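My questions will all concern the structure given below.
Naming follows writing order (A, B and C), and every chain is counted from residue 1.
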Amino acid sequence: MTTATEISRKRTGFWATLSLNDRRTEVITGWLMASPAIFLLLTFLIIPFFLAFVFAFTNQRLISPNPTEYVGLRNFSRLLTVRLLILEPLTNEATGEPVRDENNKLIYPRVREFTRNNPDYPQYNGLKQWLAWNIGQKRWVLLAGDPVFLRSLYNTFLFALVVVPVQGGLGLVLALIVNQRTTGVNIFRTIYFMPVVVSLVVVSILWRFIYDGQNGLLNNVLQFITFGAFEPIDWLGNPSTALPAIMAMSIWQGVGFHMVIWLAGLQTIPPVLYEAASVEGANGWQQFRYVTWPGLRNTAVFVLVTITMQAFGLFTQIDVMTRGGPLNATTTVIFQAVQRGFEKQDIAYGSAISVVFFIMVLSVALIQRYLTRERD
Amino acid sequence: MTVKRVKGRWHNVFLVIRYLLMTLLGVVFFFPILFMVVSSFKPDLQILQDTSSLRAFLPVGELSFQNYVEAFERAPTERFILNSLLVTSITVILGLVVNSMAAFALSILRWRGQGVVLSIIIATFIVPFETIAIPLLLLVSRLPWIGADGIVFGWLNSYHVQIIPFIANAFSIFLFVQFFKSLPFELVEAARIDGAGWFQIYRRIIIPVSGPVFATVAILTFLPMWNQYLWPIMVVQQEEYRPVMVGLQYFFQLNVAWGEIMAYLSTITVPVLVLFLALQRAFIESIASSGIKG
Amino acid sequence: MKTRLYTLVFLLIALVLLAACGGSQPEPAAPAAQEKPAAEAPTTAPEPTEAPAQSAEPSKADPIKLSLWYHGAGNETERAILLQIIEDFNSSQDQWVVEMQDFPQASYNESIVAAALAGNLPDIIDMDGPVMPNWAWSGYLAPLELSEGALDGFLPGAIGKWDGKVYSVGLWDAAVAIYARRSVLEKYNIRIPTLDKPWTKDEFDAALETLQNSGEFEYALDLGMAWTGEWYPYAFSPFLQSFGGDMIDRSTFLTAEGALNGPEAIEFGKWWQSLFERGLVPGTSQDGADRETGFLEGKYALQWNGNWAALPPLEKYGDDMLFLPAPDFGHGPKIGAASWQFGVSATSQHKDGANAFIEFAIQDKYLAAFSDGIGLIPSTRSAAAMTKNYAPGGPLEVFFDLSKEQALIRPPTPGYPTMALIFEKALADIANGADVEATLDAAVDEIDADIEANGGYGFQD
């Protein structure tokens, strides 16, 4: 295969032979041929993108007779503000002893007394409780402008953190299993790929049935395998299992695609390298470590980048299966952007969420690029 | 190839284990789809009862096309399928032309600004559609269109509002660029010396050798277009333009009947699956080719 | 490879051609659109009072098309009745032709909002009652102009008022009741409540515990948690109101403080949470099909459900079937009012025609037809008398009285749609074990922030 540097070298040589007129034709043709795509992307992607950017600094509503106003960074500060509040337990004024309730637990003042129109604590005004824990007798409360958004940031990162390596890794395992010419392998390859062809909406509806807490297929299968010892779980209704359930389904749906990409990568590795490794007495793991894996470098970068983008954009599964619940366990950044912008009719706030999302994904993309850069 | 060759008995043991593993995985990947199709032929009550045994995956009991009959009565399903086919296939074809031309200009030709243009195009890859949907709606509702009654403003309720915004695609351009860059440049050079114009080179030289990447892009455009869901809800108000995924909502208001839902899901999924099985090798090989150069 | 590629391209082109042929001959997706007015008599000149502008040209022009959007796609009975009304209207005069476009309910409001944004609303809009103030405030609706007395005798819940004007009217109202079986209640010695003497909170709780402990049912009560969306505020905010709380302070409509997080609301929240903790009701992950069939199959002893679902159990259980009034949690039994209603869009070029249609549609015989077809409560007593189920002595008569006695409309404010989503989420979170006080406080904050961001939605201090 011709490498990129070879092409550009040849290309430069060729370029030098061209007349000025030819070069001008080439420039004009270049713009002409690229212009339909440039025009379409500009109109239907870049302009709306900048509109969203502008909305984020206003109070624009979806439908409203009120005028639109510039509000500066208000939407962003509401999204991202986090403050710590430390509460002392209530004390008996006479004795100075902490008061305890019937369960012998300390009683703390209501957070709301600090966050709602309290002139002594203007910095807490309008904030809501996000997390709280006890340290000694004191109660530490983390307040945030929008705890649901912070939860969706957390969920989105968690989803990406689990799905990217698992889906990528499982894809590689599948590719290694089916990468040979034995009877029937083609059939398995096809089957593993099938879910990719099925719409995510369809898959999500189908899996709602599988995850059902009562008649669900999954519970029945698990009970069958464990001879009835397994206690049925309401997979999507339980805050601790809902996101993992959606992760599993997403991997099930998408892994076939990445299996095929790994497969393509595997087939570019010259067989002669394996033969050489065999001759030198390398075992299976050593072959993988020193021949297969280095040969898959470019494929790995591609797989990493595509799964990451997919994972950060998590929306359809959530919208169809859980609508962010239970208890915000499955809410995600894009789901919040749609929920605020469209359903709650607050375009400005939804757009601000989108802007934060862009910055986040761009940073992740740049970090990935830095980490996977070619080191010579 | 990657597995060490072991002779004799051990070889057979490994083979058995490998096939067992492949079969187990096959069950995991195939059974949910099988369940969907099998259930679409069963009455509601039986679907629920069968979930407690292997019967869930077997075409047993009272089988009939009743669910299909009812699904087609409840929603104009055939119309929705036709709409989706129309929108999807036109987008795919126009997308192939527009994106490959742009990629040709960006990878084979040389012109000032192409580096910047390519970088911007690739950067747009991170914009999820959901985040620009509302501004895009505001935009398309004011765009002019030349129709049968002269120039009208607003693109709602049409096929083109479902097609045009999705023709140009950053990822498609990226795939084309990667592929074109890997082609031997001598091809272009020779044609150029023979006096061929750039457009001719694109059409006569580049397209004929780019089968795999065209197939890849076609498939990667086909799937998301077939699955369009949020956008049609916003821009299509007339039933005659609705696509299949919006039709799904006809089944989730009153009288939720799983049999009918399974029938509708199967109806909109099985054709794509059949298309996939028919063109299976081209499908997989072409997607595979997108990774090699990645 | 090449052959396969050509096959692919060929297939795609074939599909396009196939689809294009279909596209050029649209199927009668909306039969109403094809309907020609039956009474088209070319000799009939329009009455001068109705069309003064046409005096220059008295000959009959083509009738003017009026568009109507409806939320019932996928619901054949409902659609058939509405189409009948449209057909009758179209043939009753030759000035207007109404054309219906129906939408799946799940995304109906999104479709309307998108159309409003794009300036593409129809002449006649069908809308869920509580959403009306939002659309009226946003300037997408025009007040109705019906003739004097057209709305006399209508149930209050069927008339949509905002800012002192009537914007919408419903052909029916809906009511919610506790579905029960006489035999079951008698078997467990549970008193059968009446409109005058409903269950108290303690009686209700005791009944639920008894039924649950009997082991005969999976759950004592099905609240319908599977029906996400408007069902939550519609069906559950009346419980809150019966406790003495509300979604918003109705004296000002400017804050939810004290209404949604006062002691009464917190008491409600704790009771609500206890239903799920005690395992008396299915949770938020309930499957839609179970909601549909659970009571009929005897999985649930009681069910909190609307009258639109009353016909199947009535058919199955006959005389054994009971529709019980809401329990009284201290401030009287309450149920929600206002269902789907018709209004006229502000952008309609033919408001007179749109009003004429609405006035035509609210005749008693159509009210009765909807009631007989899908079990809804006709909006007038006189129409009720014409129906199978709501006539005096009819099996569902109780609903008509429920609707008259207990119904309370959801807060008539443009902030309602947002408030409803916030309320829904709060109830779901509490059901899933969230801290009651903190959740209600957060909901209040969010509602208040939304009201403030919208300049009070037209209300002032």
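Please note the rule applied: a residue touches a chain if its C-beta (ideal position, glycine included) is under 8 Å from a C-beta of that chain, and two chains touch if they have at least 3 such contacts.
Every value quoted in this text rests on a predicted model; they were computed, and no experiment measured them.
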Pieces of the assembly after leaving out chain C, positions unchanged
one piece
Could you tell me which pair, B-C or A-C, is linked by more C-beta pairs in contact?
B-C
Between chain A and chain B, tell me the centre distance in angstrom, where each centre is the average of that chain's C-alpha atoms.
21
Could you put a whole-Å number on the gap between the CA centroids of chain B and chain C?
37
What are the residue numbers in chain C that touch two or more other chains?
110, 117
Name the residues of chain A that each touch 2 or more other chains.
62, 209, 215, 342
Any chance you could list the residues of chain B touching two or more other chains?
48, 134, 138, 258
Could you pull out which chain B residues touch chain C in their complex?
44, 48, 73-76, 79, 82-83, 85-86, 89-90, 92-93, 134, 137-138, 140-141, 154, 156-157, 159, 211-212, 214-215, 218, 233-235, 237-240, 246-247, 249-258, 275, 279, 281-282, 285
In their shared complex, at which residues does chain C touch chain B?
1-2, 4-5, 7-8, 11-13, 15-16, 18-20, 22-23, 26-27, 29-30, 69, 73-76, 101-107, 110-111, 114-115, 117-120, 288-289, 291-293, 308-309
Contact residues on chain B for chain A in the complex?
1-5, 15, 18-19, 21-23, 25-26, 28-30, 32-33, 35-36, 48, 51-53, 56, 98-99, 101-102, 104-106, 109-112, 114, 117, 120-121, 123-128, 130-136, 138-139, 164-168, 170, 173, 181-186, 189, 192, 198-199, 202, 223, 226-227, 229-230, 245, 248, 258, 261, 265, 268-269, 272-273, 276-277, 280, 283-284, 287-294
Name, in rising order, each residue of chain C that touches chain A in their complex.
110, 113, 116-117, 134-135, 137-140, 218, 228, 283-285, 287, 290, 417-418, 421, 425, 428-429, 432-434, 437-438, 441-442, 445, 449-450, 453-455
In the complex with chain C, residue positions of chain A that touch it:
59, 61-66, 110-112, 116, 126, 128-129, 147, 208-209, 212-215, 234, 236-239, 323, 325-328, 339, 342-346
